[in-house]
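The first chain written gets the first letter, and so on, giving A, B, C, D and E; residue counts start at 1 in each chain.
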């Protein structure tokens, strides 16, 4: 079905995907394509961007571009691991709760409500601070372990409504086993919700990780964009006017987040039939001067071809 | 009534779980307050002081975990949160009292402002989908993902250090003593402006995006078309019909975020040296100040619970469908 | 009425849904009866015979779908019995349920909702075939046999050429086509009983007809017993051998379709028949009849069903007796019965007017 | 009171002096005893409460100056001190300061273990009305300064305090030059007393502002919002001084405390003296301070590990003038003699194993980690492979350091008035416990009987000669055995602005260390004068 | 205008339909779905006239574009609908005629509800769930009569509810507290609030059972007698239409294929599709008859073959049907008030034998 690839025609999605692809390449090839070893000190202390150091250097003369390039992996891995683990837990809990109902549902939703209510960042700080060596992966898992609740709640609600849908009932009447009902009938219909939950968690995880690194809760010797900012801040980058040390890493984070949101937008516009057509044809609409709006159908007297 | 009972049971359960987590997590941390304190002082206090500190904090006797837990509950039920270690011997309750109003005041106001602005802007953006308004989306998504501290520090560097328009830290002029005077209140507002601004800027985009999406969905509901068909003025259709319904899901996230106001603003407090409970918690964590940690965490959790309760209520107020149980 | 014994029968079938805000329909066994219940189905008796169609008519919310679901054992019943070939067929456990499903299949009310939008036709039907058909040599169907079975199935519901439909997604099909896929899925199990819940309500008349013809053909060729649920009385007359009228979860009247539609006994059936649009009756006799019956108003609350006859509050003939005691089904003529005090021999019975020639038309049923 | 961020206004004629501390929000507690009370944390306790004697912490060997005590006389073996209080001192509530107050203040420490932060072994405290005699259960030669630093509290107030360990002292009364004016969680303000025994201070009002972290404080210092404070400012020349070169100053007063690379003497490769010596020889201490501390910390030059000039007079004749030198060749030769070989570039020990070790320190300890990195490079010159492993700070404190669960790690030593603290912290066998059990000092598990005995002798000796001899032994062992590697001086650093006031401690006038939080604060404040007039 | 005045007009006979006095004239309306380069042309030059006081039934199978027509005529079609041509002339109460498709937003808003009101297919979702019925009734009134006082508007709202047989205390209810039938009636009451000239009802009863359906339709017909508005009633239930409509228009695949007086359509359908439609539903009374149905499937609107869209399913198909699109026009016999789009009835075939299209 060509619908599957339809979202590739959406401008927002393309922008988002291109940015994501760019960062993914950095994450994969970072250490090889970085111009320098990010730890390698040089004589060019705190020098502004130049031909040799495109994004300048830090207080010990390390190349900032290389730090960003090498640090990309840490950020993406955390985002991905946290996103995947939170999504998996969220799906497990949410779908199970929604599907089994009864006491199981009660207890599972009580559990997820609890996790929802317990403030996450403080909890992460508490947990991360206690782990002997809270590396990126640990942080990701902690975020995953604490960040699934919202997704689970949404999924549960969705599953609850899907479970009562006729097609699930019909499959059951046909004699399908329960696990098949869940996996083959319910889950595929939750793709959009799961995807947006995933994107949301990834964004949250990245921001949390960066923040934790920044405040020094997690090891600052692992390169990621947060640790760059940590060093910058601890060495007074802004006070010293070293904007090149501070601005790019933050901008990368925002850019990554933006890309994720754009892709999510795109997914929404594709999955939600109400948004689909407009989303897909925004350009053509602009060209033809049509502004689709509810309540006042556009009238265009074009020559029909 | 079943409904109310369920909620009550849920809140009680959650509170219990939070308080218990709250009790155990600090105790699972390696190290103890004394070594942490010694570490923090990095040699500035005599190494011999360790034992005296242990005696002081009452850490010299070994109670079983269970006894501690029971004791903890006993104290809690009497409203006693214990004494802070780092601010020994100030009662935790006093510290919380001292910092909570600032956080709630500043961030609460900022969150409300962000919510109002974001929701309004989101309504308009959603309503005007497919026009120039869509051009604002990438900007919104960018700001949604900006790390708060980054924004805050840049703001400080530009607006207060370079331009000198605003103070870079503190919650009011350090020369003033809190009092209900025009001068003091003015100072609070002046000092709070920048932190509030950054909170608003970094969180407004989320509201915009959420509201916009809901608006788009709701605008195609039949009742909106009916409103158009009735020939109602556009404003009324947009606000009374579309936005009024689209705002419902926003309200529950808003309540949740109000709950997180208390705990989620640590970074703001760090960046702006603002006195508040988030930073207090952070300090407590880094100094292993269990009682303070527990106190802050408890307050934060309770705040979220209360916000949730308010959300339940607000939702019931705004959405008549949830109000009646039968039919 | 029949000489053969029924394939599937319900005796005193009862379903009470838990009322309230949370999780209506969920089962909660906590020892005592739930505080409030929706009496969706109350003591319904039905019989399905091989090669016959039984129509169930009644207004919205009268419990038609619930009866079908109960018969398919998709929801547990509160009381009564379901007999398959005369044996109590209440299933316990999933294995038993699958065995039951093999013999009793259901077609859901809404063709737009009962097919999973994410699966193509092939998936839906393949699953059904794999679940219920065995390879001649044992094991599940696969490969060429599966393909052949698929094609045969689609052809049986007149979706030809099969390859044009087999890879489509539900949204690419028209309502009628979807409905036929749903039927094909039910047929994949080679069931003995087909429970068709308003299989045509969403469709326009021409497609509707196609599906009814298809079902009639299955009944005739394969001898399947069919439960046909509808509110369209005219189609019940056209298609069903017997008709049962349901009101507020109870059987009001039952008999052969022709006479139930032509000479309704129960005041509710009369209202139903009179309300149905009838282009041949342009003088508006039907409308006039409804006005005469003065039965505006709404069906009773199923949470607190009124005592006595459930139709009494709307019934123009109702007497005190009707409001206080629930009438049982009374055999009025051979093969015809109505749950109305009007046909009892009680002294305080209401006068519902005796329909003309009620006894004569009873014999046509088997036609 | 009033006053803007710039400290431009004043209360009684002079400018308000703003002191900044990076200690976060405070809670109201003016106790001079409770660690973490706002009074101690911000430092205003030391403008209210004063010590017995004023030591010059920048020059520990100087005789202490009389302060609240006219004199403190010790007996021969330092088990008894006779304190003569100054006359004419009044508490800020007008009461007279007497010997009873001194006795009471000391008795408090004896009675409440929690207040005895110096862990002095008090025996008896007696007063005859004019002088106070304190006896100890052991000789206190090395702990003299702890007695001098005790701040005095008024008996007429504290005698009624139920539990001095938890009392928040809401209305502080002291002998110091200032009294508390107002307190908020962000700032405490003290104002000058007119009846201070030392005369009226030049600074009429001091505001102690609390900032949440070093950054905020740095910003405040660079913008002039705060004029006195201490924090680590990376690249302070550019970030701080350059903002106002005329007025902004940073002064680092070296005491006797240093930072040491603790070596685990019980595991490879540091169980071998030769390797310890070799590593000690290749570390470039000047580079370390330049790169890792922006040149803030003075480099160590004397091979005895004693910071100069503070430790000048403690360097024994034998080692006087001997300076650390980077000598890679010598180190390699030394290793070769000890049976080490090289496989390609890799150093192999006599057992045939490659020499590798791990350097740990808490993540985020910027200067330490940078130093470790440089040490790693130095080790590489010997052919040894070192790795730097930043660990969780809490774990480091709780397990790694006390349990000796490391191969090499940077840690500080105490300062004190004699080198005893420093050496004892590094190499005192009296602190020895088995690996895995928590040690208070001697984290490297160094054992050398001569040194242990000499350290004990030094503390207990009753005459100078005995002490000199003991110290010579200690230094010999330190230099010869290399129980740990002394890295750099650990100075007391502060930033201050001379815009409004002059007379601060400085390189030229090192009358004390320059930090606002410490008993020296009163001395500094009394030394300040208005800048232009 | 107040209701007492209108009640004096109730004498307006429904036979007014006889003298054509068009209130709503749809001319060559074309509608596309989809903003892309390959839109679905759902309506192709549809023309339809509604006369004063008449009930015009619009029939056709599902998906043929009935709702689309109703929404497009009022410019309420949601995205991705697009009106690509045509005119919709509405005669206002003041007698002025205006093309709804070229009005400005403000003018259109003013005309809506006052002159033309519409009851949607899903009454369940047509009411704003968060407002009480009262508010929703009133705000429409106040939007057009800004000078009316609130109390007066409330009074009017209560009156409207009573008009559709709901007691006035239901004003304080929220939509979810009403049953489906009541909601539908509230919608009708709302539509009648300003006594519009034209009332469009899109399948107002499909979701309801026959008893309820009859109750509601009778109420509407009764109100029409009293208030004298015109109705466009959309449904695929032909038997219902035959019963209540004055005139019927039959749609097939986005085109009107036949319009005629209701009885004529039922008795003598001219278009083969109309005939098939009428031959597909079983009669409730009278002899059981063989039902023919219509073979084949409805066409895919996005891929239209040339020629008559019904050609592939038509029993009477001719060669010309496959190549040439028949246009709506008078029948060969020139029956009054009747138009058909079928080559069988076009002028050229005059004299040829007309096949018997009555399949019953």
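One rule holds for everything that comes next: contacts are C-beta pairs under 8 Å (C-beta built on N, C-alpha and C of every residue); 3 or more make two chains touch, one makes a residue touch a chain.
Everything numeric here is computed off the predicted structure, so don't read it as measured data.
Visitor: If we look at chain B and chain D, which chains touch each of them?
Guide: In this structure, the chains that contact chain D and also chain B are A.
Visitor: Can you name the chain that lies farthest from chain E, using the mean of each chain's Cα atoms as its centre?
Guide: When every chain centre is compared against chain E, the largest gap points to D.
Visitor: With respect to inter-chain C-beta contacts, which pair, C-E or A-C, contains the greater number?
Guide: More contacting C-beta pairs are found at C-E.
Visitor: Using CA atom averages as chain centres, what separation in Å is found between chain A and chain E?
Guide: Roughly 49 Å, centre to centre.
Visitor: Taking the mean of the C-alpha atoms as each chain's centre, how many Å separate chain B from chain C?
Guide: Computed value for the inter-centroid distance: 56 Å.
Visitor: If you average the Cα atoms of chain A and of chain B to get two centres, how far apart are those centres in Å?
Guide: Roughly 22 Å separates the two chain centres.
Visitor: Which residues of chain B are in contact with two or more other chains?
Guide: Where chain B meets two or more other chains at a single residue, that happens at 29-30, 156, 161, 220, 225, 227-229, 270.
Visitor: For chain A, write out the residues touching at least two other chains, lowest number first.
Guide: In chain A, residues 129-130, 132, 233, 239, 278, 285, 292-296 touch at least two other chains, as defined above.
Visitor: Can you list the residues of chain D that touch 2 or more other chains?
Guide: In chain D, 219, 392, 394-395, 399 touch at least two other chains.
Visitor: Within their complex, state which residues of chain D touch chain B.
Guide: Residues 1-5, 9, 16, 18, 24-29, 34-38, 113-119, 146, 165-168, 182, 184-187, 189, 207, 209-213, 216, 219-220, 223, 225, 257, 392-399, 402, 412-415, 425, 440-441, 490 of chain D touch chain B in their complex.
Visitor: Provide the residue numbers of chain B that touch chain D in the complex, in ascending order.
Guide: Residues 29-32, 35-39, 42-43, 45-53, 55-56, 83-90, 94-95, 98-99, 156, 161, 167-178, 269-270, 272-276, 279-280, 283, 288.
Visitor: Sort out for me which residues of chain E touch chain B in the complex.
Guide: Residues in contact with chain B: 74, 76, 78-79, 105, 108-114, 117-118, 120, 122, 125-132, 139-140, 143-144, 174, 176-177, 187, 190.
Visitor: Can you tell me which positions in chain A touch chain D when the two form their complex?
Guide: 39, 41, 46, 59-60, 129-134, 216, 218-221, 230-231, 233-236, 239-240
Visitor: For a test of understanding, state which residues of chain E touch chain C in their complex under the given definition.
Guide: 60-63, 165, 179-181, 208-215, 218, 236-240, 242-243, 263, 266, 276-277, 280-286, 288, 291, 293-294, 297-298
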